[in-house]
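What follows is a set of structures to go through.
Look for chain A in each of the two complexes below; its partner is chain B in the first and chain C in the second.
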Partner chain A sequence: MSAMRFTSRRTVLRGMMGGTAVTVGLPLLDCFLNANGNALASGKPLPAVFGTWFGGLGFSQGFWEPKTTGANYTMAQQLVPLEPFRKKINVFSGLKLYSDGKPIQPHATGPAVCYTGDVESAPHLASLDSLIADAVGQDTRFRSLEVACHGAPDSFSRRSATVRNPAEPSPIAFYARVFGADFADPNAADFKPSPQIMLRKSVLSSVAEQRQRFMQDVGVADKARLDEYFTSLRELENQLQLQMQKPAPLEACSVPNKNEKEAPLGSVVDDAMENHRLFAALLAHTVACGQTRVFNLMLSSAQSNFRETGSADTFHVVTHEEGTDAVLGYQPKTYWFQQQTVEALRVFLMAFDGIKEGPGTLLDRCLIFNSTDTGYAKLHAIDNIPLMTFGSAAGRLKTGYHIAATGDSVTRVGLTCQQAMGMQVGRWGSGGNQTNKPFSELLV
Partner chain B sequence: MRHFRNLLVSSVCLALGSLAPAVAAPEPPTTGGDVVIRRLTPDQYQRIVRDVFGPTIKVNGRFEPEPRVNGLLALGAGKVSVSGAGLAGYEAMARDIADQVVSPANRETLLPCTPKEARAADDACARQVLGAVANLIYRRTVSEGELDGLVRNAGAAAGELKDFHAGLSLSLAGLLVSPEFIFRKEVPAGSGDRIDAFSKASRLSFFLWDTGPDSELLRAAAAGELDDQKGLARQVDRMLASPRLEDGVRAYFTDMLGFDAFHTLTKDAVLHPKFYADVPKDAAEQTMRTIVDHLLVRRGDYRDLFTTRNTFLTPVLGAVYRVPVAETGANTEPSSWVAHEYPEGDPHVGLLTHASFVALHSHPGRTSPTIRGKALREVFLCQKVPDPPGNVDFTVVQDTGNAIHRTARERLKAHATEAMCTGCHKITDPMGLALENFDASGGFRRDENGVAIDTSGELDGVKFTNVAGLSKVIHDHPALTSCLVKRVYAYAAGHQPGVGEDAFVKYLTTGFSEDRYQLPALLRRIATSDAFYRIAKQETAK
Partner chain C sequence: MAMKPPVRSALLLALAALAPQPAAAETRSFVVSWFTAAAYLEENNCPHGLNPDAEAFFRRDLAAVGESQEQIDAILDARAGAVVGGSGTPAAAAAAANALTFRGRIDGKPAHAYAFPGSVPDAHIKTIESKWAYGFDLDGKTGAASFEDPDTHEKGVDNEYFRAIGCHGPERPSAADPNSTMWAYAWHNLRQSLPAWIVTVEGADLSKDGPVVVKFEKAMEFAPLDVNSHTMADKTFRIDPDPRWHNEYKATLKSGQITTDTPGGFRMLYDSYWVPEFDLRRARMRLTLNPDGTVVGIVGGYENWRSLYFAYASFGINAEDQAGLDVPGTYYALKRLADADPDPVTGENTRISAAFRFEGVPAFTVPLRTSQVRDR
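What follows is the complex of A and B.
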């Protein structure tokens, strides 16, 4: 933390302690939108938002890949429910991951490479979303937000080897975290910084001052780990600092109704679908209200344990046990579970595309990376892993394409996402999964 | 402000004289392990809050999960930090706890003073409150300078908010958000080859009680008594004689047995109608009661946990096991626990037949001999079973409706004809199949799909015909006790013992045998050893 920030905080605090009315000596944000509603009055466009959306156990080989490549592809059978959004979706087929001779951990290696570019299933690198949050997530109330719909706090988002960003499994708790007492409506007429928030920040600052003493005698290995704690502390201070400023009005922001109900948190597929629906709506409002620029959503874990009430069979078990129907050409029950994933995607896209921002929608401003753990779950296959992106990152990514890149690493999509989000990065991933080839034909 | 679970506690108090090691073999030299910095587990956090502020204060919030490392969450706690969301969670929890402490409902009983003026700062009263709790929260003597800072925080906020209690609350919350509280940081002593006295106090306390040191232990640490063998033994014996030892033993076995998985365990309600909401809770508690009764109350041989016919049941569990359980407990108890002894010859023998084992290591609607066999090897024998490979077809194993392969044994046999599968299934299935009499919810069955279940098998060359035979083989397996010793030591010290500690672990294993496999003697041997506090010299980051 720079001396500047300490000075500034103390000055602010003294001002607060000494007087009644508070004039916060902090930079003003761009306060008004332009006439079109798609940019701030200063001319800066509304910023791009990055998200990840994960659903376990993929799709059925041969039934999700579009038959033609390039623009104006035709949706394949399994993805037909997403047809209304086709022009905002890129589909990537043929991508795989390279194990570099290391043992494959079924269901863990896929997400590891998609999220970190590295084949180690015990991740020791920051995930894609976290790299992006480092670049774009500093000026929002939350650096990133993670949710999971299957009842557990699972998340593939990690800031480092020692910090995994846990997901919130309860929509009710998520609402309270984002839209609870600490939420400042950007469109509210009046704004008065709360003295409580100022004082909470002051307490955190005094905790931050313990750093030097606490880090004495700490071994090299533990230093990085404890530094992570202090990074999180600064993040929270920063969050409180932002809450003391009047937020810029955002036309598309409306505070969602408080949800009093949620489905039981667990692996019954209907419950998870209902909680996903609640999360999709809440996340869309959260993003529209400028609370974060990065989010991660998990519909199910890798090796999904979804099941129907009254059935002993989890989705994962079904993928392994079920025979392929000779007429249909796929595993029917597996296919049914996969269609739940497609339906959830449809609901999610509706929520984001349903919020208008100027001539476009919230979805257009987003770039959402959709991945899974395996190409063909029955065999724990690591070839032809289905990946998609949704939205154009505020116009920086062309959409509506099917890209067949057979034999290339999945990391090409991750690198493309980073560049579309404006990051100066030319190379991503490690070993056989390292790439310096984004899909430049999609980058604007 | 102490609160005990008070289950079996009156009988847990141990006869200390008999705890001295049976044979006074000299402790071998060790290199020591690393200094460890562990994040408090959710249970430890909650227990400390209860110890410091009393049982009326509730901890509301969600904790970040730890990874399991070498079979223990306790080792994972030494690998994690705190995420941004996690710290926001800690801060919210801290404010909530502090607000409860100073609330009008609690302040009279919990705070040792009242402010002269409720709408203003009162440094003397704030100092009294913060001084009373800061040492317990930071687990060391807090300096006057540090206390001054805490009092200043309380005073400044009280002045601003014109509310003494609101100011005090903010300062208290600061204590609970501090890394000094959230992380168990160990500090090398001046010599550099051992941890310092307060670090010793914490290692001891979290090991034996799963909570922070109490005032007496902190006093002994400050007075240098833990650096002296007699003084250390005095504290260890005091702690072993305390009813709180039950908390520590429960914490260890909850971790070792993977009972955190009960939080998310579900069974299909249609297929297993008796496995409703209370069953997982009671199943875990059945095993904990059996362990505490056998190891602490009866001072039993650890190996006998696998053959004992004694356990404790509730009416809920009685329905699962098909044993009539009369509610004979006090009427006010929410669930009545009854001691139960299965008759000679009954298949319910030992921990392996508890629902906490057979139901936890099953699919939601069907058993899995493979998962059970894997758990048995990994949890009790410290053996690692490899993960399944890629590109395998599992179809035949899972199809319980298969007309040809009607039992799990037949299905697995068909599956294991694939060469790449046989290797691992050989080391998991023969034991897992012996447990097939217990369905996925823990209920007993004799047949599957109309075919009598064959429970014969073998473990590491020893054959058996049923679960009683398997339990006896586990009981006699040499890895059973050496695994416990190694794991208890790793749990206590926070690291997997290294090569330089081999001789010490062997010494503990021999000692465990000489102590007739009594757990309290093992705990004492570790807690009073020199090796437990020894550290390899480390490079510090400046």
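What follows is the complex of A and C.
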């Protein structure tokens, strides 16, 4: 015990292996944790994970908002399936976005503000997850991971307007990417860097020498372009460097079953739900195995293209065509589609909350931002947009609250997420959506 | 030197004309907070059912232009997988959208179904068959084809626009949510980027019956929303001096209801995304001043039916694929039901009767300063 007292969790063992210099990370030993096992011994919190979870066309107005605010709220009718996780969920109602006189693009403006804080998603702006990945995603194998369940590589994650992070629509391809040949099992008895990784790293090193000369010979615009390109190369180098290290054992990490069959990739709701189930399990394992600290999941696109088997009418068309039932008070078919979103959320939360870590679960270490593109879907309204967060970011965010912040911008949730993830940021968003008011009552 | 009487009289008249006009004893202004086509809610006004969904009318139109069943299935299978964000490849998505967009035929060659809707065979879409519709008797005739206004019970109401679009599912209000039509969708999404519209009522005493003047004008500012996303009341707006957006009517106030005395024009800038501008001819208007300070009204008149068609055509494939609206079918319905101002050459009516419902909340107005006018 005393021997470990002066050792930080970043301590590595340096040496030679097979003629190659390698560094070997130490496991996340108990002595690195505090007495409760819920923070590092130094007092720093456990590494929190940030995720986004998007489902198109929201929920039915008046049926998702809890009737009471604060802690111990009662789950509203449409969100009842999430009741088992209520104490780990924050619900935000009444939030909207401000267009500042700029034209609203139905389905695009909502995600634009939720993800970039700007009505028009100004070209230079990075998405919320990207900002967080810059802060916390540098020491993981993947800076961030994006998946989409509706058959298309849609993603709101971006470094800028021209550098987007496309999603992987195939669970099988995602499995291969994360748990394929390059995956180093943190709990494996032995470790040897992959020859392919060493080769790739070697190639990049030679590139590094050439790029210095290259940069001297080009103009300003090309320099900027090359700088962006080389930045991504440096990130790749860093990732490869990480893979040269033996990963720390992670008790909760296990490699998922690779024999699961994915459903056809597409917008048929049953297929998308099945692929979402696979993605939820894969992401949970991916995060538990420390492969990334940032992820983005899209159940359906904005302007959801979900449809039932044998029907070409999408969820979106239904929102326009269907009348509101006088007795029920909502659009029945629209409500049914929205319940698929709720069911997917339940499955997702089960996957993350089902992995135990110390006294808590993987979900507790996460902060997952759930958003959508519309408030009242029939009008494609941009007010009262349903937003939720799941998990406490390793204890940095209080959970189990309903916050009714009528008239405030959705950016308050994004700012709160950034601060909960430890970012030193005081304001976020632009124009009428700029805010310097996180939900401080939730921040620990 | 004394001026001669005629000269003096002329000068006095000229001075009188230049002097500030006395303000009406009472003036109340409102900023328009809602503006949609007036759609009357009635369960059974489409006795033959609603118009078919996109899948059905795509199949119908493709068959009508001679596509084989195999070709139709291929196009629609591609569409089913290629709707926005779908799993189809970009090439499949583009091919399906292209085939549907160009499902018209001119001289046997594919034609753009929205730019040249006449290239798609007329499907004779279902239209409203009812006694009831909001609006006014614009032509002084009370034929069997005309409606009765459900509020005023005025007979001979002309609102063929409502007849034309009323059997489209997305255009129908529901009892639980009367403000849920495509026009409501448009207003909801456009209102924050539209210049505000101002309604002003002037009279000697607006608490008593008597003559009044109603103005409908465009402001220089947008109408801001409050935290509940309702149009903010009691804001101040500068009136745009552009005469194109100045509509003024002599009207009569009786029992809280204001009705314009004689038909006039109604011209107002709207949005290039939907209807670029309204240009109602022989328009009539009625307003109710509510006790809570708000106003609600109907304006009806004859609108260029092609302007109204533009709202559908500009959406194009999205109107059909994503909202289930039959664009060429609507084109034919508008053209067929147009009921005014025949083209002198073709004899076809160029305008269609229509009515629009608006609401407003209290507002203040100020004139635009001269320097601001100069700088525009």
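Things worth noting here:
The rule we apply is simple: the second predicted complex is superposed on the first by the 373 of 444 C-alpha atoms of A that agree within 3 Å, B and C clash if a C-alpha of one lies under 4 Å from a C-alpha of the other, contacts with A are read in each partner's own complex, and residues count from 1 in each chain.
Following the convention adopted for this analysis, a residue touches a chain if its C-beta (ideal position, glycine included) is under 8 Å from a C-beta of that chain, and two chains touch if they have at least 3 such contacts.
Given the structure is predicted, the values throughout are model-derived calculations rather than measurements.
In the superposed model, A:Ala173 lies in contact with chain B only, and not with chain C. In the superposed three-chain model, the partner touching more residues of chain A is B, compared with the other of chain B and chain C. In the superposed model, A:Asn165 makes contact with chain B only, not with chain C. In the superposition on chain A, A:His320 contacts both chain B and chain C. Judged by the touch definition given at the top, the superposed model places A:Gln138 against neither chain B nor chain C. Of the two partner chains placed by superposition, A:Thr68 touches none, neither chain B nor chain C.
In the superposition on chain A, A:Gly219 contacts chain B only, with no contact to chain C.
Looking at the shared chain after the overlay, A:Thr309 reaches chain B, while chain C stays out of its contact range.
Once the two complexes are laid over each other on the shared chain, residue contacts for A:His380 go to chain B and to chain C alike. When the shared chain is aligned, chain B and chain C each come close enough to touch A:Ile104.
Shared contact residues of chain A with chain B and chain C: 103-104, 106, 151-152, 266-267, 305, 307, 311-314, 317, 320-323, 378-382.
Those residues of chain C whose C-beta lies close enough to touch chain A in the complex are 53-55, 76, 79-81, 83-87, 169-170, 172-177, 180, 182, 184-185, 188-190, 192-193, 222, 226-229, 273, 321-324. For chain A in complex with chain B, the touching residues are 16-17, 103-106, 142-146, 151-153, 159-160, 162-166, 168, 173, 177, 195-196, 199-200, 202-204, 206-207, 210, 214-223, 225-226, 228-233, 235-236, 239, 266-267, 305, 307, 309-314, 317, 320-323, 378-382.
Contact residues on chain A toward chain C in their complex (touch as defined above): 94, 96, 99, 101-104, 106, 150-152, 154, 169, 264-267, 300-305, 307, 311-314, 316-317, 320-326, 329, 378-384, 406-408.
Of all residues in chain B, those touching chain A in their complex are 34-35, 37, 62, 64-65, 79-88, 91, 95, 149, 153, 156-157, 159-161, 170-171, 173-174, 177-180, 182-183, 185, 187-188, 264, 266, 268-271, 363-366, 387-400, 440, 538-541.
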